[in-house]
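Look at the two complexes coming up: subunit A is in both, with subunit B in one and subunit C in the other.
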Partner chain A sequence: MDIFGSFALLLAFLAAVYAFVGGIAGILTRRALLTKSALNAGMAVFGLVTLAVGSLEYFFFTDNFSLAYVSAHSNTALPPFYKFAALWAGQEGSLLFWSWLLSIYAFWALFLNRKKHPELMPYVGVTLAGVQIFFLTLNNFVATPFKVLGGLDASGAMHVARLSEGSGLNPLLQYPEMVIHPPMLYSGYTGFTVPFAFALAALLGRYPGEKWIHITRRWTMVAWCFQSVGILLGAHWAYAVLGWGGYWAWDPVENASFLPWITGTAFLHSVMMQEKRGMMKVWNVWLVFVTFMLCILGTMLTRSGVVSSVHAFAESSIGGWFVGFLAVVFLVCLAAWWKNRDYLRSDNQLDSLVSRESSFLFNNLILLAACFAVLWGTLFPVLSEWVTNNKISVGPPFFNKVTVPIAMFLLFLTGVGPLLAWRKTSLDALQRNFAWPLGGGVLAGAVAFAFGFREFYPLICLIMSVFVTLTILAEFYRGARVIASRDGTNLLTAVGELTMRNTRRYGGYVVHFAMVLIFIGIAGSAFNQDIQKEMGPGDTLVIGKYTILCQNFDQVSNNNYQSERATLEILRNGRSEMMLYPERRFFLASQVTETMVAVQSSPLRDLYVVYAGRSPETNRPVIHAYLNPLVKWIWFGGIVLVLGTGLALMPNRRAALVLRPAGEASWGAVTQGAPGSPAPSPVVRRSGAHD
Partner chain B sequence: MKTRSKFLVGSGIIIATLLALAYVGYTQSKTYYHTISEISALPAPSLHQRMRVSGNVRAGSIAHLDGRVDFVLEEQGKNLAVSYVGRDPLPDTFKDGAQALVEGRLNPQGSFVAEQVQAKCASKYEAAPNSAPAGTPPGQSMNQSGAPIDGGKS
Partner chain C sequence: MTSRLPHSSAVRTLHAVTVAAFLLLVLAPAFVPTMQAQQTQRAKTLGAKMMCVCGCNQILTACNHVGCQYSHAMLKELDDRVARGDSDNLILQSFIQEYGPTVLMEPPAKGFTWLVWIMPIVAPILAFFLIWQVVRRWRRRAVLAPAGGPALSPELLDRARRQAEKEIDE
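This part shows the complex of A and B:
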């Protein structure tokens, strides 16, 4: 069976090579049949990698410990759910998983467009195949998951060793979210390959117009959504499992996932400038290139341990491959851009500083600044070692100092941007639109200030959050009022109708609102408290309004772990509110102890209790309690973000009634002002909406 | 062109502010990585740096004292006496022979005062030196696993 899996992988590699070479030959010779077979080979990669993944999963479920990867990441007693997830628990499997997700994206991108864009698709196929070749090379020749334990014996014959038991899945990963977090994040990382492939293809093929943006708009949003969810799930996992009371530590691997998210966000905004005004063409192409390269860099940082290598825990030879691949990608992008740069001339200039364009420009500028700062901070140990021979790392203060003001400015732009018109906004319109949302924000800030709320950034965040929320509500209200008065429906129905007529715009607002929720949750961390105490039965600990009363300690065990558990009664204002049971689990297979955090979560605050261990001096248990306000808003914001993105992905309601000429010709933007709207309304996509 | 120059001025102000903030954050949080043998050769001004040092815990050197834990880190025959003064209990992986990473400063007597200690059992990872630590999740820290303490709190 291991032969089967490795064979499928090898065939996948060959198929990708054929898709690449055949695709190039097809483009050069202009032979349609060759091109078609190359594209088909690109799709076949998906089937072959799927077979390899299925084969590896089969080994996990049959407890085949003759395979190095299986024996290192599973054991017989592991619950099936985690056996399944063990696929992406380590280096080799994760890379295979990467290839698999990429092959899924590539398959769909090629399949859905197989009869469209005959000028563009050959280039897309070649680009996708190029990326696949890299990952399949790693899968086949550098980090194969199908390595069998054992080796050559004295007579030169191969013998296979089969362990009776595996060393088990890392206990930190034995948590439901760990089953979904990597797939989400990896779907984000791999997903940006599709817009990248189309952008590069459009540039190489000098494909006219902004079509590549229209084609990849949804792909980008899907990848972005996966990336967002992946980051949030990772943060939640860190919060719920690692037991240090926080969810984000500016760790290199966290940063790695954040970087492409930042540039992806910038890209989602700046493409609108190209669609509506024909500006920023070079910028957009480079943004998507950079986003893709950051995805590769992120995978590399995660998998190679370049940055945290003082540790030497994760040293691996794989880093060199990634650096090489990044260099090739960069050179290809540079050459493609240089050769075809005249194709990317801007149609328009910036007309006014007070315009939608300018708000997008500032949005992009500070997102890129944030990206650069995070990248710089993450790679600083590596860079400083090169330059000064001294390895220097920077910590959270560096990242917070830079990103927090950027975040506040972004929040401000989130409120301002939608109120500004394209080209130029008159001062009059500005006053009319700004007055009451900004007034509302300042009022909220003043009230909070009067109640003793004095922290600078949280106060700014509160003002901005109220401001942005009010502008979003005002946008919905303005549009809905027009529809309601014309159609004679009530306002709520009109809101639904309005949203469905321009899902991208209003879905976007919902995502903006989600970001507000997330920002509020993050701002809550300014008020975190924590306290640590040795506790025996009968001891109490006071944090905020809560009193924690220790009742007793007991032991629980099963065939996966032995656990030491504290039973704590939580009292509030003298009344018993609930029980919490933080644990320390000793996992038998891996011989590792982990903490199991107990959290009582409410919209206002989380009471987060950790059984931190035993004091070395007294051998008494140590309980560490944290009171973290508003954390739940972050996770709730994540849900709203997914809903908003889902909304933005839906087709516009009226669009279905409009006959669309073949070849996407109706994608041209139609500019219309919504009647009765004080600000010139944003451009409405596709004919029919609003009027 | 007037609009363009206004935009450039605005951008310049923003970037200058961010650079200044970045510099402040950098000086507040920079931490040097040093090996134990490097420390003895450091010039005097560098001795006050915040630094990170890694090594193996010498067997039998761990002493639990009142308010601190003393131990000795070894690396390539060089030793460094460390006093851990942090509040958190030491990770369970912190044992004789474990690989440890300490963060803190040197005191004038030449021993190291650590505020944070991370540790990994050497045995588990020696088996596979060429792969990632078993089960390091994608998207998560290498150095968080095994130790509930991390830079996030500093």
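This part shows the complex of A and C:
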């Protein structure tokens, strides 16, 4: 079976090479059959990599420890869903998983467009194949997951060893979210390859118009949504598993996942300027290029050991391959842009600084400033060591100081953008649209201040959050009121009708609201409290309005781990509210101990309790309790974000045709110089256009 | 009288000492936890400026890794130094000497590491300036560009205006 997997992987590599070389030859010789066979080879990669993945999973599920990768990341007692997730637990398997997800995207991109865009698709196929060649090179020749245990004897014969038991999965990964989080994040990382391939293809093939943007709009949103969910699930995993009371530590690997998300967000906004006004073409192409390169950089940071991180894979020499690939990608992008830069000339100019275009411009500037700050802080220790030969740390205080003001300004722009009109906004419209949302925000801030809410950034965040929420509500209300009065429906029905007519716009507003929820949740961290105490049965610990009463400590065990568990009664205002059971688990296969956090979560606050171990001096159990306000808003914001993106991905409600009375000319007829045309002219009443 | 004076003076002194001792005994516990709490708070603040060197990238007071070889010893050393009354600067310097500059959560704004602080401010300003220049160029072009579009007859324009007014009224 190992030979089967290796062979499938090697064939996948050869298919990708053929798709690349054959595709280029097809473009140069203009031989349609060659191009078609190259595109088919690109699709075949998916089937072959799927076979390799299936083969590796077979080893996991049959507890066949003859493969080094399987024996290092699994054991017999591991529950089945963790055996499945062990595929991406280590360097080699996760790279194979990466190739598999990439091949799925490539297959669908090529399959769905196989009969469309004949000028564009050969370039897309070549670009996708180029990226696949790189990852399949790693899978086949640098970090193969099909390495067998054993060796050569004196006569040169190969002997395969098979262990009776594996080392087990890293205990930190034995958590349900670890079955979901990496696939989500990797789907985000790999998903950005599709818009990258279309952008590069459009540039290389000088494909006319904004077609590539229309084609890739949904692909980009899907990748962005996966990336968002992946980041949030990672944060939730860190919160629920690592047991330090927080969800984001500005760790280099966390930052690496955040960087392409930022540029992807910038792209999703600036792309509207190109669609609407034919502006920012160079900017958009480079945003897609940079987003893809940041995905590769993030992967490199996680795997190379360049930066130290608790989330990183073991240090390896694979970083050089990624640096080389990044250099090639950058040079190709640069050359393609330089050669075809006249193709990217703007169709329109900025008419006014008070317009939606300029708000998008600022939004992009601020997002890129945030991206630069995070990238700079993440890589500065490497730069410092290289220049001064001194290692330094750049930790959370730096990132908080630099990014929080940027984030506040971004939140402000989230509210401002939808209120501005395309081209130019009059002063009257500005006053009319801004007055009550801004007034509402300031009023909320004043009330909070009067009630003793004095933390600067949380106060600003509250004002901005109320402002943005009111602007979103106002947008829905204004549109729905017109529909309700015209169609005679109630306001709620009209809101539904309005949303379904322009799903992208109103789905976008829902995503903006999700960001508000996430910002409120993050702002709550300014009021975190924590306390640590040695506790025995009968001892109590007080944090906020909660009293934690220690009842006893017991032991629980199964085939996978032995656990020491604390039984804690939670009292609020003297009344028993619930029981919490924080644990320390000793995993038998890996011989590693980890904490299992117990959390009582509510919309207002989380009571987060960790059994931190035993005091080295007294050998008494230590309980660490945290009171974290509003954390749940972050996770709820994540759900709203997915719903909003899903809404934006839906097609607009079908346009209904309304016929004009005979004798009334359509605008088309007027501009074509045929006034008074007697023929009835169909006019689309329900516009399908996006805003 | 003269013989009682020393006695009464001694008694008064004794009373004063007794009262002082009583007050000290009664009030000391009230002060001691406060002093300890302040020390703990100071240690917490200082601990938040340092990183655990176990490789977890977490602040010293937050590192909870099971079996961490460093955080417990580092926190104990921090508590001892705070209890001894060492200044913040002295404590931070001694930790840098012992564990290297990586122990500091954020690099000092001096020498080469000054760059880490200044660049996130300089880069957006430069980007803003660049965008401003692009916008100015765009706007200049927009002013200079002749009005485009097909030439319309006055009748058509009139018709268009009437249509627009009608739609606005509706």
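Here is the rule we use: the second predicted complex is superposed on the first by the 649 of 691 C-alpha atoms of A that agree within 3 Å, B and C clash if a C-alpha of one lies under 4 Å from a C-alpha of the other, contacts with A are read in each partner's own complex, and residues count from 1 in each chain.
Keep in mind that, in the parts below, a contact is a pair of C-beta atoms (placed from the backbone, for glycine too) under 8 Å apart; a residue touches a chain by one contact, two chains touch by 3 or more.
Note that this is a predicted model, so its numbers are computed, not measured.
S.K.: After the match on subunit A, would you call subunit B and subunit C a fit or a clash?
M.R.: Pair status: clash.
S.K.: With the two structures laid over each other on chain A, which partner does A:Pro405 touch: subunit B (first), subunit C (second), both, or neither?
M.R.: After superposition on chain A, A:Pro405 lies in contact with subunit B alone.
S.K.: Should A:Gly613 be classified as contacting the first partner (subunit B), the second (subunit C), both, or neither?
M.R.: both
S.K.: Contacts for A:Leu368 in the overlay, against subunit B (first) and subunit C (second): which applies, first, second, both or neither?
M.R.: After superposition on chain A, A:Leu368 lies in contact with subunit C alone.
S.K.: Between subunit B (first) and subunit C (second), which, if any, makes contact with A:Thr388: first, second, both or neither?
M.R.: Only subunit C; A:Thr388 stays clear of subunit B.
S.K.: Where does A:Gly90 make contact in the superposed view: on subunit B (first), on subunit C (second), on both, or on neither?
M.R.: The first partner, subunit B, only.
S.K.: Looking at the overlay, does A:Trp237 come into contact with subunit B only (first), subunit C only (second), both, or neither?
M.R.: After superposition on chain A, A:Trp237 lies in contact with subunit B alone.
S.K.: Is the number of subunit A residues in contact higher for subunit B or for subunit C?
M.R.: Subunit A has more residues touched by B than by the other partner.
S.K.: Examine A:Asp487 and indicate which partner it touches, taking first as subunit B and second as subunit C; both and neither are also allowed.
M.R.: Neither partner.
S.K.: Which partner does A:Glu165 contact after superposing on A: first (subunit B), second (subunit C), both, neither?
M.R.: A:Glu165 sits against neither subunit B nor subunit C.
S.K.: Under the contact rule defined above, give the subunit A residues that sit at the interface with subunit B and also at the interface with subunit C.
M.R.: 242-246, 249, 251-252, 308, 310, 349-351, 353, 358, 361, 365-366, 369, 373, 376, 381, 390-398, 401-402, 592-593, 595, 610, 612-613, 616, 624
S.K.: Once bound in the complex, which stretches of subunit A touch subunit C?
M.R.: 242-246, 249, 251-252, 308-310, 346, 349-351, 353, 358, 361, 365-366, 368-369, 372-373, 376-377, 380-381, 384, 387-388, 390-398, 401-402, 584, 592-595, 610, 612-613, 616, 624, 665, 667, 670-671, 673, 675
S.K.: Show me the residue ranges of subunit C that touch subunit A in the complex, using the header's touch definition.
M.R.: 48-49, 51, 55-59, 62-64, 66-67, 72, 100-107, 111-113, 115-117, 119-120, 123-124, 127-128, 131, 135, 138-139, 141-142, 145, 150, 152-153, 155-156, 159-160, 163
S.K.: Would you pull the subunit A residues touching subunit B in the complex into a rising list?
M.R.: On the subunit A side, the touching residues are 72-73, 88-92, 94, 143, 167, 169-170, 172-173, 178, 181-182, 185-186, 230-231, 234, 237-238, 242-246, 248-254, 256-257, 299, 302-303, 305, 308, 310-317, 349-353, 358, 361-362, 365-366, 369, 373, 376, 381, 390-402, 405-406, 409, 532, 590-593, 595, 610, 612-617, 622, 624.
S.K.: So in the complex, the part of subunit B that touches subunit A is made up of which residues?
M.R.: Checking each residue of subunit B against subunit A gives 3-4, 6-7, 10-11, 14-15, 17-18, 21-22, 24-26, 28-34, 52, 54, 64-66, 69, 87-93, 99, 101, 118, 120-121, 124-125, 128-146, 148-154.
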